[in-house]
Amino acid sequence: MTTIVRTYLARLLPQLIALAAVLAAISMTFSGFLNLEIQNGRLYGSLIDILNRGAPVVLLAIGMTVVIATKGIDLSVGAVMAICGAVAASFITSGHSLAETLLVTLAVGILCGIWNGILVAILDIQPIIATLVLMVAGRGIAQLITEGAILTFNEPGLIFIGSGSFAGLPMPVIVWLVFGILVALLVRRTALGMLIEAIGVNRQASTLSGVFTPVLLVAAYVLSGLCAAIAGIIAAADIRGADANNAGLWLELDAILAVVVGGTSLLGGRFSIAASVFGAIIIQAINTGILLSGFPPEFNLIIKAAIIVFILVLQSPRFRTAFAFLTIPGRAAKPTEREAK
Amino acid sequence: MKFAKALASATILAACTFGSASAAELVVGFSQIGSESGWRAAETTLTKQQAEQRGIDLKFADAQQKQENQIKAIRSFIAQGVNAILVAPVVATGWDEVLQEAKDAEIPVILLDRTVDASDDLYLTAVTSDLVHEGNVAGKWLADTVAGKPCNVVELQGTTGSSPAIDRKKGFEQALSGHDNLKIIRSQTGDFTRTKGKEVMESFLKAEGGGKNICALYAHNDDMAVGAIQAIKEAGLKPGTDILVVSIDAVPDIFQAMAAGEANATVELTPNMAGPAFDALAAYLKDGKEPAKWIQTESKLYTQADDPMKVYEEKKGLGY
Amino acid sequence: MQTSSENILSAVRIDKGFPGTKALDKVDFHLRRGEVHALLGENGAGKSTLIKCLTGAYHRDGGSILLDGTEVDPRDTFDAQRLGIGTVYQEVNLLPNLSVAENLFLGRQPRRFGMVDIRAMNRKARELLSQYELELDVTRALASYSVAIQQVVAIARAVDLSGKVLILDEPTASLDAHEVAMLFRIVRRLKARGLGIIFITHFLEQVYEISDRITVLRNGRLVGTRDAADLDRRDLIAMMIGRELAAEIHSAHANTAGGEPRYRFTNYGRRGRIEPFDLNVRVGEVVGIAGLLGSGRTETAEVLFGAHRADSGTAEIDGRPVELSSPRAAIRQKFGFCPEDRKTAGIVGDLSVRENIVLALQARRGWTRPISRAEQNRLADLYIRALDIRTADREKPIRLLSGGNQQKAILARWLATEPEFLILDEPTRGIDVGAHAEIVRLIETLREKGMSLIVISSEIEELVAYSTRVIVLRDRAHVAELDGDRITADQIVEAIAAANERRAS
Amino acid sequence: MKQKYLPLTATIFIFVLSYALCAAQYPNILSTRVIGNLLTDNAFLGIAAVGMTFVILSGGIDLSIGSVIAFTGVFLAVVLEHTSMHPLVAFALVLMITTLFGALMGAIIHYLEMPAFIVTLAGMFLARGMAFVLSIDSIPIKHPFYATLKGLYYKLPGGGRITLIGGLMLLVFAIGILLAHRTRFGTNVYALGGGTATAKLMGVPVASTTVSIYALSGLLAGLSGIVFSLYTSAGYSLAAVGVELDAITAVVIGGTLLTGGSGFVAGTLVGIFIQGLIQTYITFDGSLSSWWTKILIGALLFAFILLQKGIIHLSRDNRKRA
């Protein structure tokens, strides 16, 4: 058991170090950063903000991780967020119950995932192009539902999901924690994780070994759609309205970055949900840090880009080989060790 | 049902079948920026309504927030031979050439809601509010309200680089200059969105001692203010009381907030720019009467004293 | 025979090691001008390593290479080519999306005014190919031509580029007899032009047909170099495997399993891949499949396993009709299949040995019923021990294992599913001698346990050793069946050759 | 007809057919104005798409071009406003910067073995960030030389114009076609798209080709930025958001496979024209709401992908039978 814990820690070490470094850097520019207090029965502080604000990207990153593990990519998640937010808002305002609204919204997310999955798995279209279709059209669909306006609602139950708190933590944090753990358990306690990794590494060999690849591929995109739906609900609930234009805009890129920062290769295969979650939190920490630092906003992108480039270069296979001592055992890429013939 | 109908119309459109091209009446092209905010949607709705009332055939083109698409649309309108063109320019610069083309083709152009950085003989008139003035009104209100007491202000800017963000900041700062008691302590972009407004306000609150150092919030649009109000409430403070909230646009939701005492003031940017524009156009086409180069809409200040719920009811059907 | 005593290429005391193995141990190799020199040895003997050292694909650890008497040290294959050593591989290493002419002149296209002169390039390409009796539309994509033509294009490119030494690494593996004949005509012509040609193949007949001299490697060491005319087949084989062939021949086919066939495929086939065939397999029987590459061997396996759905005929197990529409369907019937192309269709490289072993079993159980980690470990350890899979531990990514151990792990993957019908496509290709023997032994054991097996192999002696029956394929059709005493290397070769002759005539 | 021209021919056919259908409904679409507009309005996108075509042909992707266009515009505006530098010198300088920027990304992709998607995504953030740092205002460019350049156009009968930038786009396409099909570099790009490992074995200088491809994309994005600044006479850091997706779409519609190795620069031009035609049609119709515009564009993209799939499928079948 301890060895499993140790390998798990070893896997997450680079992300933990990067997160610690980012947090340390922020607390140097802003001294009250690490303060946590209880206010109105909930934890209150910048750290909590990071967890809370990171919720959409964390959720998207969870689904994106699984999609990327299959050697795919899902560019449509931002648009699906917008669609699902719009669906949730329009259902709740037209008088449906919270349960119905949530069910329908999640179903719409799943439907979007099935569409992407069919394009990729059945029609065999390259994932990046297949999901581009929904990325382009999806926001239009969301606007079609809201007719371009911000569709506001006042249903306390739905609002609670966005800004309520439970056990001292904001609801979005609870949601992604629970969902993340559920997905992690789902993929690791069942054989799903291994089968998905097998598909990502070698689809042909997996199919020949009897893995039901089309179904699993579709399932990966469905999971991604589901994650986007939850993220969309949270984003809408957070501002008590569905903003079809801005909800999830460009978040697909943040989610992909989160997965890559989390150390999952864009070429598919080995993945770690936890590492991607940390990747998303790192990205959110950078965003929040920039806001707290008081730098003028025109520097936001440059700071973000610089930090991300730095983290990615540290993770690149070549860099890892050149500075092997920095890498952790068990995960170090070994291009030097040639395949013996 | 609406879905199905719209789908059918799109199919027809995709097939490029012959449509019933209506003749005789006035054809006006309208190049809208996009549908990036509720205010924008309301402007589109109102423009279409106004056109319908006057029996004008409005050709609507959405530019998806891109200037290049607007230029393309204007050129297409010229090629199509419309009678007049309305443009809501996404950015102030870069219009000389295409406006010159319209002028050469003798098609009058009316600018809506924002002006451009071009010689004023290139367009018939501009129906806009004064963005700097809006900021100024907001600033004045704040200065009058705090009346000499020291006050730390946090500012939620619009999208970095957009002209409302730049001008509303400028106007506000002008109003504040000379009032040493008012100080902008933090200013970040909230991208004109509720989500970002809320997120940025949360950081402001953390960064300024849980909000104790903040006396007022100035947001470049109401949407960000609405987001920020939620953040203030969640931080355990009373928006409108502990932190004064002043913003711009006067969208319906801010009136609800004002009615609840959570927002203090907003400066109206009327979405009905098309009405005055069509009036000026009609006069011009009828007897060649050149309108003034700038038809300024009112930047009306609304406060909690102005029966916010009544305004809300008036505005909520306009597609905000 | 036109030979010159002058060596065009000499490799002296070449050393090359990989972690854990010594791939080449002070190997000497001399190639004369105008000779075809066969380089032979079992898989894993060091042929490929030697070639890669000569062409700079590997950097040798020791020894020297002399080309035309001057010492050379090619940095990479391109450098070797520039020096005069060109190589043509079994899998054509050209770009299928480029035109034939572009493939021929990539990197040295004729230019006019700084632009590629496409007309001149196409003209030169046609001229060049006419030397090889090829009349092609050189502007068409290479992919639109057969492998044989692509092979000739590759040779034309290599010779045109280098012009001193041509290395042919199993060039005939996927060619039919007619194409082989064409290729050999070309090789003879090149030989007459004074090129030194190194020829690597598994087909001994071809060795005798074309080679002047033969060098044999075994376990990374030089066994010897002989004139082809002075070395008879038996001696050659003895040099290669280090023991008499006779010892290998097993009496397996004597105890042919009796009883009714358990698996009955009738008129089974798929248009464009394999002609309909009849095949019956009994319990405890090994059916060998012989034939040249491209004769439909792999296609037979794939259609049996449902990797490509059959579009004609029926399959029955114990008289009960079954639908083998996909690998999953086949696996439900307790089928297993080790594909030929281990890298692309067999191993899942980044996953551990353990995961590779449990993959098929897990896939059959479905994702909702995971095999516990303890059970996975048990299975992995069981097969690592049983099949002697050499790996530091079961968590090592399988891509880091040697070919033979990868092959054993894939076998283990299927054994873990306790199959009753196992299809092995080239189970011994590209693996070292030790593993080779173990796999042959394993096939025996499985058969004795009552499993039904189909084994495809290009190594005829191997087929002879374990098959109870041998099916011979040619031109994507089943053409002959040998059983009992008729299963001998000569008979099989004859069947293949006869078939091919019939076709050639 | 040669197999490899099939996707290109299909694309051209679709373009001509849709043009005819649109013209049947709105005869004004046939006017020289519309034709002139198609060239002028899409000039910057077309130029950037040429670079994107090379990147995609080699099997890569470049997400940074939109940001680079914005950066170029802002850089030019700032330089021309604050210094007395001649625009031509500024052009040369900015092209050098964007080319180096592209080359740097190419080098990171090749030497650090990082996926192009991520490297150019970071490049996208960086270039946009640099533009912000230079200026957040939209700065008009009032240099007389700009007016001179904009005054250069050929007037067609009927009011249409072939502008300098429209002509420049055609020139860039012509050079791009030559570069792709008539130079060793071009063949090397296709070779990389056909398979990096094999290309390397065949002696293609993989490192320098990869770096050159991204440098070329950077150069053309810079040129596209110059064109954009001429088009709008301004520099604006929020300009050209999402142009990379438009460029990718044009390349895909033009028949180039995203997997690399197959396609035509000329196809991209047709792809650009098809996109331009769709926009023109939507404007002419003038009744489509914002959202239906997006949905329609997505649907058309999907239709083109399916069409391509179909063509490839057919051609594969033909080959098997041959």
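Read from first to last, the chains carry the letters A, B, C and D; within each, the first residue is number 1.
The rule is short, and it goes like this: contacts are C-beta pairs under 8 Å (C-beta built on N, C-alpha and C of every residue); 3 or more make two chains touch, one makes a residue touch a chain.
In this text, all values refer to a predicted model and were calculated from it rather than measured experimentally.
J.: A-D or A-B: which has the larger count of contacting C-beta pairs?
T.: If we tally the C-beta pairs in contact for A-D and A-B, the bigger total goes to A-D.
J.: Could you work out how far the Cα centre of subunit A sits from that of subunit B, in whole Å?
T.: That gives a centre separation of 33 Å.
J.: Where the CA atoms of subunit C average out and where those of subunit D average out, how many Å apart are those spots?
T.: Inter-chain centre distance comes to 45 Å.
J.: Between subunit B and subunit C, what is the gap in Å from one C-alpha centre to the other?
T.: Roughly 71 Å, centre to centre.
J.: Enumerate the residues of subunit D that touch no fewer than two other chains.
T.: 132, 136, 237, 289-296, 299
J.: I need the residues of subunit A touching at least two other chains; which ones are they?
T.: Touching at least two other chains: 143-144, 147-148, 297-298, 300.
J.: Give me the residue numbers in subunit B that touch at least two other chains, ranges are fine.
T.: 6, 34-35, 44, 160-161
J.: Touch graph of the chains shown: is it line, ring, star, complete or other?
T.: It is other, because the touches fit no line, ring, star or complete pattern.
J.: Give the pairs of chains that touch; include all such pairs.
T.: A-B, A-C, A-D, B-D, C-D
J.: Using the touch rule from the top, collect the residues of subunit D that touch subunit B in their complex.
T.: Within the complex, subunit D touches subunit B at residues 18, 21-22, 24-26, 28-29, 31, 33-34, 37, 40-41, 44-45, 132, 136-140, 150, 159, 228, 231-234, 236-242, 276, 279-296, 299-300.
J.: If you look only at subunit A, which of its residues touch subunit B in the complex?
T.: The touching residues are 30, 32-33, 39-40, 44-46, 49, 53, 143-144, 147-150, 152, 163, 235, 238-241, 243, 245-247, 288, 291-292, 294, 296-298, 300.
J.: Sort out for me which residues of subunit A touch subunit C in the complex.
T.: 189-192, 194-195, 197-198, 201-202, 204-212, 216, 269-270, 334, 337-341
J.: Quick one: in the complex, what on subunit D touches subunit C?
T.: Residue positions touching the partner: 2-4, 178, 181-184, 186-188, 190-191, 193-195, 198-204, 261-262, 319-320, 322.
J.: Once bound in the complex, which stretches of subunit C touch subunit A?
T.: It is residues 18-21, 23, 44, 48-49, 305, 307, 327-328, 331, 337, 339, 344-351, 355, 359-360, 362-371, 399-400, 402-403, 413, 430 of subunit C that touch subunit A.
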